[in-house]
């Protein structure tokens, strides 16, 4: 999993039918100290997350397991909303 | 998923038989503000996308689920055409 | 697998139900000489690891196999606590 | 999928028995304008590709599907020989 | 698959029970000209490789297929010992 900040959402009318009804959010991956890290990704929300919230997300074939469509073509999903991150140091490049 | 811009297509006569008939498009991954991000990839189109359109695509083993050949050797697929991306900020390094 | 140093933990009350009870630790990937390498990740602990310990972790769909929930949306897991790394040279670039 | 240029081959007598008979080629990933992009990889050839040819390859668990051994430990396979790439622009950073 | 040089081994007494007995080696990924490329990884040896040998390894969910424990949480495995790499050029950035 990675930490991320929700910064937006995507509207896509024409899409794979397994994605109909899915909420697609734009995530900026972050470090524990909230430094942005790497490119944004688009993930399916499964926990009722909203803009500005810090979340944890998964990528790859396990992502669809978090959704009502475990066989959907989904490679990223938000799986938790972060209350706090307690960190001795926030990691490096 | 990632956002991408369709910038071309690939013609390959000799290929895995599960790929016969598949439309292979060249995608430039982009950030929400349309900044190019990272190397191009080649993805199977499943939503009728065309050159110049902004799309969302998936990578990895889930990609083939979007196609008529879920057991094909496909690791990238276009799963939606983007109408709009609403973003507070467009992400980082 | 990769080597990592445990540097913190994540508290997330609202999360996928398959993650309830999972201990979520923040890992800084490291080289054999303990140089930090790349962004931090969040992994499920399955071996009783603690802050400051050097561990090995796996990523991707195999990670959930290390947990009591092999079908959970988990993409990173700690699978061992490192006693020692014997290395001729510690790797590069 | 990614575009690549075949630049060599690997000889390995001692190997996993599911790889016996597999042709292992060295690929330099490239952009549509043939700029090299990222480290080389070693892939199993399934389409009769040769040195100097431009190909498309897949990575990850789907790669073995292109081979006669779908349960083999193979994470990269050549799945097509490229005739042409028609591109508006050849991609970015 | 990628080319790598074996540079060390990892001792981990406390680990996932599916890893008991597994030989865990430290690999420096290399280019065909033996230039180091990217961070080291830890892989399960399945072919009797030793320090200083050039090998090919796989990553991801297919890695465990090379081991006696196809359902183990293993994401990297050595699958061949390289006799020679014949390369027109050794690849790029």
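We just call them A, B, C, D and E in the order they show up, numbering each chain from 1.
Throughout what follows, a residue touches a chain if its C-beta (ideal position, glycine included) is under 8 Å from a C-beta of that chain, and two chains touch if they have at least 3 such contacts.
None of these values were measured; they are calculated from a predicted model.
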item: Least hop count linking subunit A to subunit D through chains in contact; value: 2
item: Averaged-CA centre spacing for the pair subunit E and subunit D, given as whole angstrom; value: 19
item: Where subunit B and subunit C are represented by their mean Cα positions, the distance between them in whole Å; value: 30
item: Overlap residues in subunit A, where contacts from two or more other chains coincide; value: 37-38, 60-61, 63
item: Graph class of chain-chain contacts, one of line, ring, star, complete, other; value: ring
item: Order around the closed ring of chains, commencing at subunit A, then subunit B; value: A, B, D, E, C
item: Of subunit D, residues touching subunit B in the complex; value: 1-3, 29, 31-32, 37-38, 46-48, 56, 58-63, 65-66, 77, 79-93
item: Residue numbers on subunit C that touch subunit A, as the complex places them; value: 7-16, 18-19, 24, 26, 28, 36-43, 51-52, 60-61, 63-64, 71-76
